[in-house]
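Below are structures written as structure tokens.
Below are two complexes that have subunit A in common, paired first with subunit B and then with subunit C.
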Partner chain A sequence: MSPFEHDLRESLKRREPPQGFAESVLARASAMERPHGHIQFSRWLAVAALVVLMVGGIAASRVIQERRRQADGEKAKEQLIVALRITGSKLRLAHEKFSAIQQRTIELQSQQ
Partner chain B sequence: MRKLMLAVLMMAATTVMAQQLDLKSLDKFADRAKGKTQIDLDEATLKSTGGLLKDKKADEGLAKKSTENLKGLFLRVFEFDKKGAYKLDELKPILDQLKAPNWTPFLRNKEEDEQTEIWMHRTNNEIDGMLLIAAESNELTVINVLGLTRPEDFSNLKNFGIPNIKE
Partner chain C sequence: MTKTDFESVVREHQGMVYSIACNFFHNAAIAEEIAQDVFLQLYERRRSVEAGSHCVAWLRRSTVHRCIDTLRRSSFRNEIQVDVLPEIPVDVPATDPFLQERLRRLVASLPETPRAVLVLRFGEDMDAEEIGRTLQMPVRTVWSHLQRATALIREKGARYLEEKEDEPVRTRSS
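Presenting the complex of A and B:
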């Protein structure tokens, strides 16, 4: 066997990995896959902020809607009071006229 | 196209029916009037307003009582700054609508340049509405009240706005 052949055989010979090699490779691989702690926290923070914004937005729009509904209701109430006042005064006026006509009719009948 | 026209006609008919009368012909007075009040309260608005009226407040308590049966209140008031700003003939489009069989006159009074009319609307021979026209020399009022069925509804309306001496 020539010295070259000897060296080649030696270099191609199967060698056992050092103790704990597989574990250390797996540990490194999983560390590379998982984001760092602060990145994860930022993601959660962003999601939480989005949820807070959405809930806040819905609540605010409900408050605005309720206030608008109340304002519309108050406006309608004012309109109703005005309408009833006008109707009442005109009905009283008509009633007075009606009473005056009746009175005149009675007077005319008694004269005849 | 026919379907569309039919739908438009049906919508228009519903609007007129909801008011018993079409008050649109009164819009022409708005330009001449120095003051105008237009109030349209349909049944849904009256119902929602009823919940906001407080019994303890005299005005609101009576308003609640007066409107509990009402199905609509449509009012137009035009104030003119001079006499003769409008002619009674101009009310013809409204008076023409009263020729329908479900309208019957209750009070018609004409004195010089003033005219007061109260008409009752009936459905199935039951009173269910009223129209009041008060045409004064410098003011014109037209009120259509829907859902007036009981005598106390009229008296509640008539007494509205009279200060209560007991208070």
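Presenting the complex of A and C:
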């Protein structure tokens, strides 16, 4: 080794960090642990809340759709019943008129 | 790596990590900050880094890369151009008490890669292959950086000694 290399080696030899360096690193590492766990928990909580919201939303929309379909069915049923009632009454009326006409025709034929 | 392992790694290798950063920047405050960051990064990745030689290599690599990144990000770059260095080496006698401080300053003023090579070679006593693995470069490139940087430091150191010899001796007038 040349004197220069020896000098360079001496210049760059190991130096100890300031007093309390290791303690400071270890304290920062333990401080890092807590928020890290907290953040992880919060992240999981947010994901869980999102999943619950999504599932709830889908279920609610399905229930609403089902109720709407039922209501539409009920309405159609009612309309059909009303239509059938109207048709029934009209048919009865027509039948009565037809019977009256038939009766009058028979009476006229007997008079002649 | 367990928490206990991490604690013993910090206590055992704090000098190594701090010295690499300190020799790289010639600045105790920056060196301390970098050393702390490196150990905290190790703590974050402690599950993937095994204790032992793998850990030492990881610490060296991370420290050097963090030093280089910090230097690249900082606006202040006090570098000497390696391309203009002379090829003729001059042996410098190791008698000047300020020479080592001068050498540290010169090393800290080199461009990032030769600086890292020099710090690992003379500070950490690593051979060219180890340096190549740490800095992810071919061994030939390591040798090239080493020779050019050493020659530059020799030249600057010798110039400093010449300047010192030329200085007139000042005496206090009575």
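Going forward, the second predicted complex is superposed on the first by the 77 of 112 C-alpha atoms of A that agree within 3 Å, B and C clash if a C-alpha of one lies under 4 Å from a C-alpha of the other, contacts with A are read in each partner's own complex, and residues count from 1 in each chain.
FYI, contacts are C-beta pairs under 8 Å (C-beta built on N, C-alpha and C of every residue); 3 or more make two chains touch, one makes a residue touch a chain.
Note that the structure is a prediction, hence the values are computed from the model and not measured.
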{"item": "Partner chain(s) touched by A:E10 [first = subunit B, second = subunit C, both, neither]", "value": "second"}
{"item": "Which of subunit B and subunit C A:S89 touches, first, second, both or neither", "value": "first"}
{"item": "Which superposed partner A:L26 touches (first subunit B, second subunit C, both, neither)", "value": "second"}
{"item": "First (subunit B), second (subunit C), both or neither touched by A:S2", "value": "second"}
{"item": "Contacts of A:P18 with subunit B and subunit C, given as first, second, both or neither", "value": "second"}
{"item": "Subunit C-touching residues of subunit A, taken from the complex the two chains share", "value": "2-18, 21-22, 24-26, 28-29, 32"}
{"item": "Subunit B - residues contacting subunit A, complex", "value": "37, 39, 41, 45-46, 48-49, 51-53, 59-60, 62-63, 66-67, 73, 75, 77, 107, 109, 116, 118, 132, 134, 141, 143, 145, 154, 157-162"}
{"item": "In the complex with subunit A, residue positions of subunit C that touch it", "value": "6-7, 10-11, 14-16, 18-19, 22-23, 28, 31-32, 35-36, 39-40, 43-44, 89, 91-94, 99-101, 103-104, 107, 118-119, 122-123, 125, 150, 153-154, 157"}
{"item": "Residues on subunit A engaged by subunit B in the complex (per definition of touch)", "value": "73-74, 76-77, 79-95, 97-98, 101"}
